[in-house]
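Chain IDs A, B, C and D follow the sequence of writing; residue 1 opens each chain.
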């Protein structure tokens, strides 16, 4: 069907770069627009309606253009070098997460054999960027925001890592493709409860990791303006705050879809459903996760910083530790139920 | 040539560079079109609309430090956990019991921290 | 101790009359509220009494302010009111009673004891009265300006303080409705 | 507790080895206190309100409210205006409840001038006052949610406000500053359709409020954020003259409409809502329940609306005879009192305006001390205040 094209490794790399550079901003724009619209409709209003004509689809493009024309202000007392470096430290990891997510059976930029490890590692690099931003701003709100962000991101890193460990135990591999392949049976439901609890823990911790409401204390506007990014303006603000936030939102949705919802596999292993290509399944599952995240935002008020820490250390982490033991016992003593 | 095990990481390295260039290029583009009229007021640190009192860098509550320490402990645990998670099925009960003990010790540590009230914010 | 009926302000007058006797001047009932005139040195004692006395319990602090009566009434009136006074209003939520305390102070050297130890709510009110009328409150921890800039001169609510825009034309709305109905608008 | 002045003024980071050594050796291991300004330009303060907070980590060591950014000197201005003009001036104090601000002045005049207000005007006033109270309370319902990070209640509350807003607009032509009361009555009779619109508005609020309330009051996070936070003791509340929903949230069963009914409030069946604990939750709960009570009053008033004139016998020139009177009314935020001293002129000789927010906010330092920064916002939000009402 498709003529055999042979590409050199460098050409393949170029294609990969092109694909990622096309997909990541598009995903971000779509998710950002979805956020506007989903929230608006949940709140009985219309949301953006004018930019672009049809239901305001171009509102984020217009927004981006506006920010491009905005003055870039770095406060006098800020540490200029760290201040500008922070943008990169936040933005670059947000893009690099996408490298290892398997969109389809063979549609993956790099199928690392420690894919899940890479994913967890790279998604937590931005913590450093946020701390850099907060500290270098020499602003009190920024400092409080950065410290909150630091404490929160590391506290919720653990439930994510540990719930991912559960998945690794059940699938027996660190490669994301293998993990997806291992989910050709309803992973979420069987073995009883384990996957579901891990999924819930992962979702909650992801919301915290994304610093979205109800865990948005690091950027709580009614308390500390925009936290670490209070002093950022113009394009720099987009790159350090808005873009990574939405890009990470999609990334975590994709990770959730990959680890728990069976990635590019059909929801149930039925012959009829196999006809639908894998990336469609993947996109649907990711969209579902994104909607879940968007749904949570207008529903809850914000927690307080100490309550959030308590929730992580006293609820989520003990639960996942116990889950690991249960999953281990299950794999060892009832393996026939798995495969 | 980006091939094999090492090649995969070359891709990752290249992507890091691409991301960096993307940001730098857009910031440069923005520099071409945006205005630049810094004034003293604009360059002042924001503090709810009045002149800032004192400096923004201050020693903060050590509470954060304890959370960071706890994090290190548990993150190291996670590092141990992943290799074990792949192979424990082959190693059998002995490895599982070892991990139970390991996690048990950590759980005890967490319990100790709770009892010592270091997880209380105030 | 007889408990005072709801809203029975006459009893309050009797109570005050018997307990404070001659130290209070002019106990009047005015539109259902009791008006009391007390000298500054008796003020704290009176306020404490009003707050704590069983059966009275004026424990709700309504407001504290001042009045400059120096321009009150016609120029040649016989009994001129005291030119400057502190005005305190207290309310008894238990018995639905009001009392208005008038404290005449010397306009040349306006000093009045602070009641912030009895009613902490008076702190801001005394600051405001200080900057608006120039009355000093003895025992107030911090009489700095609440509203006006630190370098503001004059005491705005005194009658001697004229609004700059009113120096030329005393009152822009002086046109009579009668005139307006008859003539142009 | 005192802030290290030298450090506060010092803008450079520590470089001196000796000083670093001193810090490291533990001679100075305590955390530094930071002076944090909240306001005047801060998203969580309604208007130009400033809170000078000394914080240690995330704990408030001290908090001083600083006001006066929008002092307009109404007490002086009214002395140069006649009574007709004052109506529109005072409605700008608490801009969320304009029509409620107009009332006490007219009550003062009606008392001094001994004017009889016709029944229809009294009922009409009650309808408008209570509708305005609903508007005000819904506004704070919205803003309190927003301050706690719940964005959705804002939009719901604003949607509910709109129908009531529309009814008031039909009658008065205004949305915030109505200027509708006159000594002896109201400006003009309401247009056709007003009652239907008003009933629609309040019934909608009554029907939907429970759902909206569940969004916050029934939410576990909301409870954790507000219960036992910012407790205001009952005696302290009395001592500072705190009134309105804030006082009632501290277990003070205190409502001018019930204690000393003015207008025709004694003819309606409504309850004074109060809650015993004095924390943020109780204050908010009282506020929400009061919306329902107000809606009940509006319904009853419209049902019992008498016909007849809307203005009493009022002399052409409004000129209060010499005398003094203190009139207090239940403003949405608490007790609003006007102490009017008249010397028989067309202008007041002195008008002391006792606004609810002023006393309510003055108790803030007491409540805030020792709280966390995050709680500070919840507490500020639960001390429903309007800046114009504080600064006058």
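Here, a residue touches a chain if its C-beta (ideal position, glycine included) is under 8 Å from a C-beta of that chain, and two chains touch if they have at least 3 such contacts.
All values derive from a computational prediction rather than experimental measurement.
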### Message
Between chain A and chain C, how many steps is the shortest route if every step has to go to a touching chain?
### Response
2
### Query
Does C-D or B-D have the larger number of C-beta pairs in contact?
C-D
### Query
Between chain C and chain D, what is the gap in Å from one C-alpha centre to the other?
24
#### Entry: Inter-centroid spacing, chain D versus chain A (mean Cα positions, whole Å)
42
### Task
Could you put a whole-Å number on the gap between the CA centroids of chain A and chain B?
14
### Summary
Where chain A touches two or more other chains at once, the residues are 77, 140, 225, 305-306
#### Entry: In chain D, residues with contacts to at least two other chains
11, 34, 36, 42, 58, 372
#### Entry: Residues of chain C whose C-beta touches two or more other chains
none
### Summary
Chains touch one another in the pairs A-B, A-D, B-D, C-D
### Message
If we count contacts the way the header does, which residues on chain D are in touch with chain B in the complex?
### Response
3, 7-13, 23, 31-32, 34-42, 50, 56-59, 372
### Summary
Given the complex, residues on chain D that touch chain C span 67-68, 71, 73, 75-77, 80-82, 84-85, 111, 235-236, 238-243, 252, 254, 259-260, 316-317, 322-326, 328, 335, 337, 339, 341, 343, 347, 349-350, 352, 354, 358-359, 362-363, 366, 391
### Task
Under the touch definition given earlier, write down the residues of chain A that touch chain B in their complex.
9-10, 13, 16-17, 20-21, 67-78, 87-88, 91-92, 95-96, 99, 109-110, 112-113, 116-118, 135, 137-143, 147, 150-151, 154-155, 157-158, 161-162, 165, 168-169, 172-174, 225, 230-231, 234-236, 239, 305-306, 309-310, 313-314, 317-318, 321, 324-325, 328-329, 331-332, 335
## Note on the structure
Touching chain D in the complex, chain C uses residues 7, 30-31, 33, 35, 59-63, 65, 67-68, 71-73, 87, 89, 93, 96, 98, 100, 119-121, 123-124, 132, 145-148, 156-157, 161, 163, 166, 170-171, 173, 176-178, 181
### Summary
Listed in rising order, the residues of chain D that touch chain A in the complex are 11, 34, 36, 42-44, 58, 145-152, 155-156, 159, 216, 219, 221-222, 224-225, 372-377, 381
